[in-house]
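Presented sequentially are two complexes of chain A, the first with chain B as partner and the second with chain C.
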Partner chain A sequence: MSGRNIMTDQMSGKNPTGNEQIEPATDDSTEYDFYFGPAHSGSGNFGVKLKLDGERVISARADPGYLHRGFEKLMEYRTPIQNAVISDRLCVLEPLNWNLVHAEAVDELTGIEVPERARYIRVLMAELSRLQSHIIWYGVMSLGLGFDTGFRLAFGYRDYILDIFELITGGRCYPAGYICDGGVRRDLPEGYAERIKNVLDKIKGFMENIKSFDNLFFANRTKGIGVLKLEDAIRLGATGPVLRASGMKTDVRKDDPYEIYSELDFDVPTEKQGDANARCTVRDREMEESIKIIKQVLDRIPEGKTRKPSRIKRPSRTKIPEGEVYVRNEIARGEACIYMRSVGESAPYRVKVRGPDFLHMIPVLEHLLKGCELADVPAIYWSLNICPADMDR
Partner chain B sequence: MSMVKTLWVLVEGLFSKPMTIKFPHEAIEIPDAYRGEHKFDIDRCASCGFCAEICPNKAIEMVKLPEQYTQKYKKTYPRIDLRKCCFCALCQDICVKKCLKMTKNVFLATPDPASLIKDPMPKVQGEE
Partner chain C sequence: MAEIPQQRKENKLIEQISSKFEIEGTVQRDRRVWVTTSKDNLIALCRFAKRLGFHHLSAISVTDWPQEKIFELTYHLWSYSARILLTVKTKIDRADPKIDSAIPIFQENAQIHERELHELFGVQFEGNSDLTPLFLEDWDGPPPFRKDFNWRDYVRQKYYDRSNEREKPYWE
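Presenting the complex of A and B:
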């Protein structure tokens, strides 16, 4: 935390974010403002303004907008295949899942029936993306708790999955709209199944290493910290692993199945405690479920076409039928939704992106940080597995 | 017991292979599907302009060639600005004649940003 600069700014009465003036601290006061982010390696392009009394957080105020890039407006000027490329950037940590949400919205508007093979490939890539997103989360969570080795280990193993993405999509982090309207952009290359199985074996080794969230390092920093009760989780709009860690068994893949999830056998892990440790355990068990899903998909994947129509159309020849849709998917962080409206032109009239982190990063985070110790802020912050990119969008 | 496990992990770490490699002396293999720098074959180009139309970042512009080439190449051809390019390969996928291809070249860092504008024909020495 950039404490020194903030203190210097505080002395001069200057606010680093420029939102409102900070009152200079008086000599007898123990209350002061403290900025966690947005230019801090542990906060990820997002700022939280904390009001502290000594080491205790009195109140927390989220400060969104630092990473706003205007995707919703950009999408109003581009055709679906161009928007598929843009949808990667909605969340750097799991671009393929956002590709899938966007592609499903367009498919529902156009009414195209996606080929069976493409549906399997979509789920395969979405689950690999979820797996690597959870590995990143383990890395940043470790970094937040001061366990630097965990961060390096996680990012090393994540690269094995990025090798698979590079092999299939042609890019390591950004697949450039690999999952697009009508299917996927290209077929799987030769020998993909063996490569994926090898990587899964390595990931299992990694998971054995990180297995116990009851160990000294994790348990001491996360047990009983940032408890989110179920009624609060529902009231504040939590979704995904955050809600499941508070005791509610809910998952869009089960409740409102899309693609081929209804044909697959997997569990929805839940915990009851609602603390940071429970959220970690849920994600750990979710990684095992993702591996289970990927293996099933690899065994069942059929032959056939991967996109309908197989050729990409010119923007001037593209037309999205009139209508409006709202689709929701389960991504690594929770529920990702896209509302799309078309008036029969080549580009959508309106696209509204509703990322899972909008509610996790503002109401849930502010609720959890209130009353905690300053040293617990990173543990609570990262136990929510938040991504400023899909909130600010 | 946990101390024994910790020591075992340490010993294992001493004898296992590192996860990193010594770049640039060695590098990981880049797959064929990689989306790197473009390669353009002007003799196959139909000048349809589909690549310029589909480019989401408007990084491709259809331009006329310098005078010394116009006798042979009369139409307009794609000029690619790699500074704007997001390497999505939509231009490669839409190309009817398959004259635009993405290569495995990833070494694009340069002190001269102007060199990242790829003209359809390589510039002749001394030309503006």
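Presenting the complex of A and C:
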């Protein structure tokens, strides 16, 4: 208990540097509150209230709400094409994946057969977005562990993918509802395949680079830290890479396939240890799988239309047929779902957004932080790859 | 029309549940089963579903129907083994929105969903001891996601300065 020693040194009034006497503490308690967040460069707008005894965390309580924008309510007043733009903002780091979840919900209600080419473009964009999101995760994870080089490297390489997004969707971070109901907003520009392949080569270089850093600091700071057992993971509602790192082989793309994922060949990487290091390894391997998927899509992408109906009607004339659907997708952070209820008007009657981070940031994080050392908090926090935007909505 | 093997699994699930509970069940498509039951059966049905392998509570949602004077609750359960999404629906009275908590079955996962829905819709989950607000700070108005809460009016009243001529177009 090194933390306790420091505290007792201070209380006995010893001062190693100067002559000035430190006021002895009147209370001999070593417990205190520590607020982690809410405006850290990596944490996003989210805080955790920690109760510490020396340097050990006794309990943690998540404090969400800094990014609550009431999207579910806003969507009840807007047409699908407007909601597609709102769905970008559900998660800052992977807007295209959320675009896809929303578009699928509307498509399932309207029953429109999405053109084959649009399906391929959707998967292409979703996988590029996943790759980009994992690269950001590597950046903030490095930042959290005090490894600035990793952070700068990751955000530099991420920009290559953002260039592709700009080329295809017109927006770098937010694609403004590129994946919308019925397909995608516009066709791929000329020479896209060549440029994507070039970027993938660069990303492969990045992945070689980060492998060489593993022994430098990653393994030391993450092995055996924040162990999440499989039964706890299921109970707490963990999904995606967090659940896979605890030993469950599950992936919505395989178990509940959507778009063209059932036709593609890719693996679902899993680890058994359930610690922060396992979660990192799973994401590293997932990046390789995403590259594999993107290459397959580029090879097979057919010609044809990209949206049905190809001409956009006036929003007030389009109505969503009555019904209700629950759409599940695998995004970079885990399971993303939208429950949509329609009563036959141009706007949906009720939209419920289920983001993976709602569970990862509150029950899972609180569970993992309980009993850990203060110095391990960043490693656990960023190993979950959390983003407050889809939790607060 | 010949049934595909996957859908046989869905139909069997409905049969299994209807042998124990009074339900209305439909197979929407592959891997999607919707079941409607009464408020009293809900917890027992969820417990039965968990025994069948539905370990993952994906989400709980509330839909507000002011005209019918009800809240509709939907529980979305996923089975990692059978690979089916089972949605359990039930209705509660809008004037007295009380329902038993699902914490005994889905523990912390249900707890956090219920906490959110209590804040946004004002549904009382009996047996959930921690229903403190998640998102809204110092909010004392009606639950904001209810259909009869007019947020446009609220914003007009609260955030625009009536003495300021330039803000007139917003609140007028």
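Here is the rule we use: the second predicted complex is superposed on the first by the 362 of 393 C-alpha atoms of A that agree within 3 Å, B and C clash if a C-alpha of one lies under 4 Å from a C-alpha of the other, contacts with A are read in each partner's own complex, and residues count from 1 in each chain.
Keep this in mind: contacts are C-beta pairs under 8 Å (C-beta built on N, C-alpha and C of every residue); 3 or more make two chains touch, one makes a residue touch a chain.
Keep in mind that what you see is a predicted model, and the values were worked out from it rather than measured.
Once the two complexes are overlaid through chain A, chain B and chain C fit side by side, free of any clash as defined at the top of the document.
Look at A:283: by the touch rule set out above, it reaches neither chain B nor chain C. When the two complexes are overlaid on their common chain A, residue A:253 makes contact with neither chain B nor chain C.
Once chain A of one complex is fitted onto chain A of the other, the partner contacts of A:117 are absent, as it touches neither chain B nor chain C.
With both structures placed on the common chain, the touch criterion links A:237 to chain C but leaves chain B unconnected.
When the two structures are aligned on the shared chain, A:221 is found in touch with neither chain B nor chain C.
When both complexes are overlaid on chain A, the residue A:349 reaches chain C alone and has no touch with chain B.
Of the two partner chains placed by the overlay, only chain B lies in contact with A:166; chain C stays clear of it. Superposition on chain A leaves chain B and chain C with their closest Cα atoms 12 Å from each other.
On chain A, the surface touched by chain B in one complex and the surface touched by chain C in the other have no residue in common. Within the complex, the chain A residues that touch chain C are 64-65, 68, 70, 72-73, 234-237, 239, 248, 250, 255-256, 324-326, 328, 335, 337, 339, 341, 349-350, 352, 354, 358-359, 362-363, 367, 392. The touching residues of chain A, counted against chain B in their complex, run 78, 81-82, 85-86, 156, 159, 163, 166-171, 174, 176-177, 185-186, 189, 209, 216, 311-312, 314-316.
The touching residues of chain B, counted against chain A in their complex, run 2, 9, 19-20, 28, 30-35, 50, 53-54, 56, 86-90, 93-94, 102. Against chain A, the residues of chain C that register as touching in their complex are 28, 31-32, 34, 55-59, 61, 63-64, 74, 76, 78, 80, 83, 85, 87, 106-109, 111-112, 116, 133-137, 144-145, 151.
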